[in-house]
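My questions all concern the structure below.
Labels A, B, C, D, E and F are assigned to the chains in the order they are written; within every chain, residues are numbered from 1.
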Amino acid sequence: MSEKIETLLEALPYIKKFAGSIFVIKYGGAAMEEAHLKKEFAKDVALLKYVGINPVIVHGGGPMIGRLLKDLNIPTRFIDGLRVTDEKTLEVVEMVLAGLVNKEIVKNINDMGGRAIGLSGKDGRLLTAKQVENKEVGLVGDITGVNVDIIKDISKHGYIPVIAPIADGSDGKSYNINADTAAGNIAQALSAEKFILLTDVEGVIGSDGKLISMLRKREIEELVEQKIVTGGMIPKVSCCIDALKGGVQEAHIVDGRVPHAILLEVFTDSGIGTEIIGDE
Amino acid sequence: MSEKIETLLEALPYIKKFAGSIFVIKYGGAAMEEAHLKKEFAKDVALLKYVGINPVIVHGGGPMIGRLLKDLNIPTRFIDGLRVTDEKTLEVVEMVLAGLVNKEIVKNINDMGGRAIGLSGKDGRLLTAKQVENKEVGLVGDITGVNVDIIKDISKHGYIPVIAPIADGSDGKSYNINADTAAGNIAQALSAEKFILLTDVEGVIGSDGKLISMLRKREIEELVEQKIVTGGMIPKVSCCIDALKGGVQEAHIVDGRVPHAILLEVFTDSGIGTEIIGDE
Amino acid sequence: MSEKIETLLEALPYIKKFAGSIFVIKYGGAAMEEAHLKKEFAKDVALLKYVGINPVIVHGGGPMIGRLLKDLNIPTRFIDGLRVTDEKTLEVVEMVLAGLVNKEIVKNINDMGGRAIGLSGKDGRLLTAKQVENKEVGLVGDITGVNVDIIKDISKHGYIPVIAPIADGSDGKSYNINADTAAGNIAQALSAEKFILLTDVEGVIGSDGKLISMLRKREIEELVEQKIVTGGMIPKVSCCIDALKGGVQEAHIVDGRVPHAILLEVFTDSGIGTEIIGDE
Amino acid sequence: MSEKIETLLEALPYIKKFAGSIFVIKYGGAAMEEAHLKKEFAKDVALLKYVGINPVIVHGGGPMIGRLLKDLNIPTRFIDGLRVTDEKTLEVVEMVLAGLVNKEIVKNINDMGGRAIGLSGKDGRLLTAKQVENKEVGLVGDITGVNVDIIKDISKHGYIPVIAPIADGSDGKSYNINADTAAGNIAQALSAEKFILLTDVEGVIGSDGKLISMLRKREIEELVEQKIVTGGMIPKVSCCIDALKGGVQEAHIVDGRVPHAILLEVFTDSGIGTEIIGDE
Amino acid sequence: MSEKIETLLEALPYIKKFAGSIFVIKYGGAAMEEAHLKKEFAKDVALLKYVGINPVIVHGGGPMIGRLLKDLNIPTRFIDGLRVTDEKTLEVVEMVLAGLVNKEIVKNINDMGGRAIGLSGKDGRLLTAKQVENKEVGLVGDITGVNVDIIKDISKHGYIPVIAPIADGSDGKSYNINADTAAGNIAQALSAEKFILLTDVEGVIGSDGKLISMLRKREIEELVEQKIVTGGMIPKVSCCIDALKGGVQEAHIVDGRVPHAILLEVFTDSGIGTEIIGDE
Amino acid sequence: MSEKIETLLEALPYIKKFAGSIFVIKYGGAAMEEAHLKKEFAKDVALLKYVGINPVIVHGGGPMIGRLLKDLNIPTRFIDGLRVTDEKTLEVVEMVLAGLVNKEIVKNINDMGGRAIGLSGKDGRLLTAKQVENKEVGLVGDITGVNVDIIKDISKHGYIPVIAPIADGSDGKSYNINADTAAGNIAQALSAEKFILLTDVEGVIGSDGKLISMLRKREIEELVEQKIVTGGMIPKVSCCIDALKGGVQEAHIVDGRVPHAILLEVFTDSGIGTEIIGDE
């Protein structure tokens, strides 16, 4: 039994270090699909809050959106990884993200003893956006503003904000925002201590095929230039670099398929994914 | 022009009287369907907030739910006016209410200069519920608790809470709540000054076929006994009576088909609907 | 009836725009003499406060002072529009301004549902002054300091400050201050959004004999140079220019003889007097 | 020099005892007439505030009112010690009390390093009243309400409230209030620790012709019954008894002709006047 | 590694349950003597604070006092377990407790990342006392008052109060207080959720010679009556009973010789010592 | 009697001037040894607090330390005025300073009606230090940091902090700090208005053998260069100069052998010691 206590005490330096910090967590992938991973994620988030950290969750919902579009016989296609979004599609996106996925996450966290409040970017004009450069994709937006007051207020009162990446356009329309980008933008606006990207890969893989545990911003930029980091990892890495440039202290790409991935990354020395920090 | 100013000044005694008050407004029916009524409702709510009143919006969404169920080929039926709700149906209800309708109301109010935040009853366990007595209807619930702290907090910070009537069951399930009942319960829990029911009828009609402008609780109870008030008006009247019993000062049944119905009811002497107040 | 509501809603953008703003209003002339105008002014001020604006009233009292001086057989004369003020005269000025006029305004506002508190510049050393350059006028002063803390404090607690322009001299004497100048100085010290001068003329009249609705600071300076603006209007215009230079956003010269002149100027697009704004 | 320090230290137990207390002081008589006594009073009040006591000053102004009435050839008469007050007279009363006397006291205290704010009972509806029973005296009132919030607020922010006893009638009229009574009522409403009446007599004189230093409420009532306390002392004693009944802890009748009478009464064991305390 | 995370998560329900609670811990015995136990105790206390519990430490120091008395050749003797304490002895007690032991505990906790502030009962008159009934023991006292404001204030600002049981007598003398009693009294005054007594025994042993994990107050009283609980355990048990009577929810007698005894008792289901709770 | 009141009023300008100020007082020498001086010091400090000044006491304890070392047969020696301090000696220093002297001062102030809280530099890491340059003296430190939050917090809540100059080393060791230096450092860190050094000499003596009442920093530096100020006065003067350089407004060297030396220095024009102020 005393081994358990030792474990508890091993967490103490990390608890101390992060007391009062803001962690913006992009939640998605397997961790949001598989029942047991969902529960474990909710538990992790509740624990973070109880030990004095302020987690802010930003979630996607791709697969569920695809499913409902299919059920409704609405065809869908992607350009450069962005879903082409007309008004009908956006309505589905919003229903799934803000109505279904968001509230399920909220409920899971509440069931684990946390106190979560779900918000879409429309609530209190939390997120404002303009259309992305490529107009062909339709109602897909780039974030132009984050109303951090609401997030801070909710966090200060003991709640965990859970955010669906729908934004208010200055043109009166609504926009679908890529969840990774939204999370990165929110982390910047909050000057978060950590920006954690939950994904379905192990992390950044080096030229030797092995996971890289820690990298400086400069190093990851080189890996991209050298085409060692490629494909779907590039936008994720970009989000991290942007967040670091914007004042976030540490970005993490973590494997959401591993149970309790967040706690493992936060409360152990080596972590399990890739940590990216600033250039000195 | 000076007539306009006179009108502005006529509102002064009402503004004075209601400064700092909470008005819980059940939003539904035509006012939530027709484009111009939606805008006018949003404007009214923003104005109430600007003149120092704290509106709290609780909304339904029946027709939109019906439409999506139909699009998804999910059959639906009603027992005693309650939609029989299985898990699949509840998912649709939640998507429509919390994802679509709620966020549209939020956006409309924000577009009119207010600052709204949308919540479902799951957010911060705002609403808890248990299954209604008639178990045949499935996941339809009666409210057992209201977390007023969140609502008050949001109101105090200048925001207008917009609430979708989905609740957390103590049995771990989610429940669909009748919006009228949810609004009445929230009004009670907040000890609201006014509980306003927007409907698609003129108000309570007396035995002479004319609209009754004001009634005591006792009088409306008599009208029900005498079967002068019947049909769909009975549950609405019951909500009002319950609210008054629970400490709300005035309940109003107002015709949502009339533009600016709320302002007319609040800022003019006669009002346009039926006001029900306590006995004596 | 619904027209009335439309009017109410027309005010919404103005209410929104000015929520939390400070308006310093110089109150004097006919609006302070005629019984019905006094009541209407009090009503206007109460309404401003109820819709979230913080009015600060600074008043004169020339005619009433003249009357009491006459009743007491104290001769009085003016140099360049300033009343030559010996100790005996100052005593009368103070009695009339701080004792009679100030408290009547306070009572009128309170009777209209506002909550006013009357202060002279001596209270809490609200206004400090030194003798004007022309020593012949005796105890007439220029303001050297404004204790804005009291005004802000009173405003924050929901009260409307009503200020009589008597000031404490650093030489231990008391000084009579021109009410227009006092109001302008207070507006500057508070960085008020609006400085409104209630007068007994329509506003600034252009070379074509017509009222000018809006002017830039530079333009009004030109009108003075070109002697189009002359006589008693010059000191009023100077107060406005000084206020704008000192950080006030908009100055208004408004006809106090028109009922509800303030509301008309604030809540309608064209206004009824002359608005002077900064250059550029 | 060290004797001076000893004196300072002798005051310590009194300073300790009264830290944070409210003292309501009725100011009038010689102490308000003679130049050097006025300065000394102001100094005393400033000192009380600096050592942590919250003085609240309520003042009369009889002789100055009489003088102005005479200068204006307005005849005046008294019934049972109350000045018969018509509208013209009330105007003079108000000008003298709120305009002249109040602001002079404020200035004196400010000159001595205190920070005073003068108020009439009309300010923020501080005092409300109804006509006294004997309608012949005209606009003379009995206090029906005290708005203690303003007084406490002003005190809390470091200011010394100075109150002129003019009140707002619920009938829309203004009323002149006897200053002793006003002070007693304000002391009650504030649950003041001390109520100090500055008068032009030594204090309560016993049957042996000597000053009585301390009395219980019951004892003073007996002295009145036995006609040992008579004449003008009776209303003063009544104010004290009412104040004690209303929750004030100690009432003092002090000789205002003695320089620094207040400090002597407060900071020395024997005091110089008569202290009246509750029974038991 | 993931086992460690599981352990962390097992603590979550306890962390949740005790968030914001006050735990008064009597620190003494082996846990205060042995170097490694001292460090572990300090670590435990720091962890409790970091997970949202407010620990308040009350310590003894018997052995160190005995050593210094011996070094100074001051003879010492005990009556009924209480050290006979003359002025000379009290001086030594105070030096050791407040100067040496208290500051060592403070330093240990600070070194482990907590923020402790050491106080004796004299600081801010935290503890007041009167002499115990048996006057032969000299300056040994019973607590008559606890100034909980200081403790709460220090706790609220993130510090851990560490209290040496020396008290101020109302007779001007200082008193030595039994640390167990002092801790029990402080727990009562704070209405602590838990009162934890660290001792050098396993806990309460039943008639079968086995440790009893949980007992009701009534049951422990019976064990004392039946002489199953005897000797030095009786005063410890009495402290716990008094604390429970005074509003503490749970009392614990825990073996301080076991590393991390406090965490084991608090964060595991069975605990390691004896928990005493109230009679339903 | 009225002379006493005059004295009280003479203090008013000083009370006004210093309201809200922080005075850091180094307490030591005769004022800490002789029974009547101890009481008078405690009274002075309590009075300062009651009239709105925030005294912070830093004390030494040399003679008592020497006595206990002798009683324990621990030899001691000094290098350049610093006591050579090994671990055994430091333990004695800490016991005497934090356990005995500190708590006696606290008790004396409390007995005089003040509310004191005693702290050592270890409490809340109030003082951090590193070893002095001359390593031969052992555990003697120079201050590297002052945690002013604790001091301000305690002061704000009405308590008087009394500080024993023991500090936490960044090397994990504890350090003895010269009390004069500690007091000067604390005064700097707090930007105190006054730094008062209580000593056993009259003050700074000029070349004419007479006490100098006031000096600029530059002048005192010249006196040191000219060897007019010599010996034990040099480190005291240095502390004052450092404090002035660090933002303290006035430093005082005062004769602690004179009863009420602090009050005499603070509340009289000439003072009794030497005041050192900045160079214009």
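By our rule, contacts are C-beta pairs under 8 Å (C-beta built on N, C-alpha and C of every residue); 3 or more make two chains touch, one makes a residue touch a chain.
The model shown is predicted, which means the values in this text are computed figures rather than measured ones.
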Smallest count of steps, each to a touching chain, taking subunit B to subunit E: 2
Neighbouring chains shared between subunit C and subunit D, ordered by label: none
Centre-to-centre distance between subunit C and subunit B (centres being mean Cα positions), rounded to whole Å: 45
Subunit A and subunit B: spacing of chain centres that average the CA atoms, whole Å: 35
Centroid spacing, where centroids are CA-atom means, of subunit A and subunit F in whole angstrom: 55
For subunit C, residues contacting two or more additional chains: none
Chain contact graph, described as a line, ring, star, complete graph or other shape: ring
Sequence of chains encountered when the ring is traversed from subunit C in the direction of subunit D: C, D, F, E, A, B
Residues of subunit B that touch subunit A when the two form their complex: 68, 71-72, 91, 94-100, 102-103, 106-107, 110-111, 115-120, 122-125, 150, 153, 157, 159, 166, 168, 172, 174
Subunit E contact footprint on subunit A (complex, rising order): 1-13, 15-16, 19, 43-44, 46-47, 50-52, 112-113, 258-260, 263-264, 267-268, 272
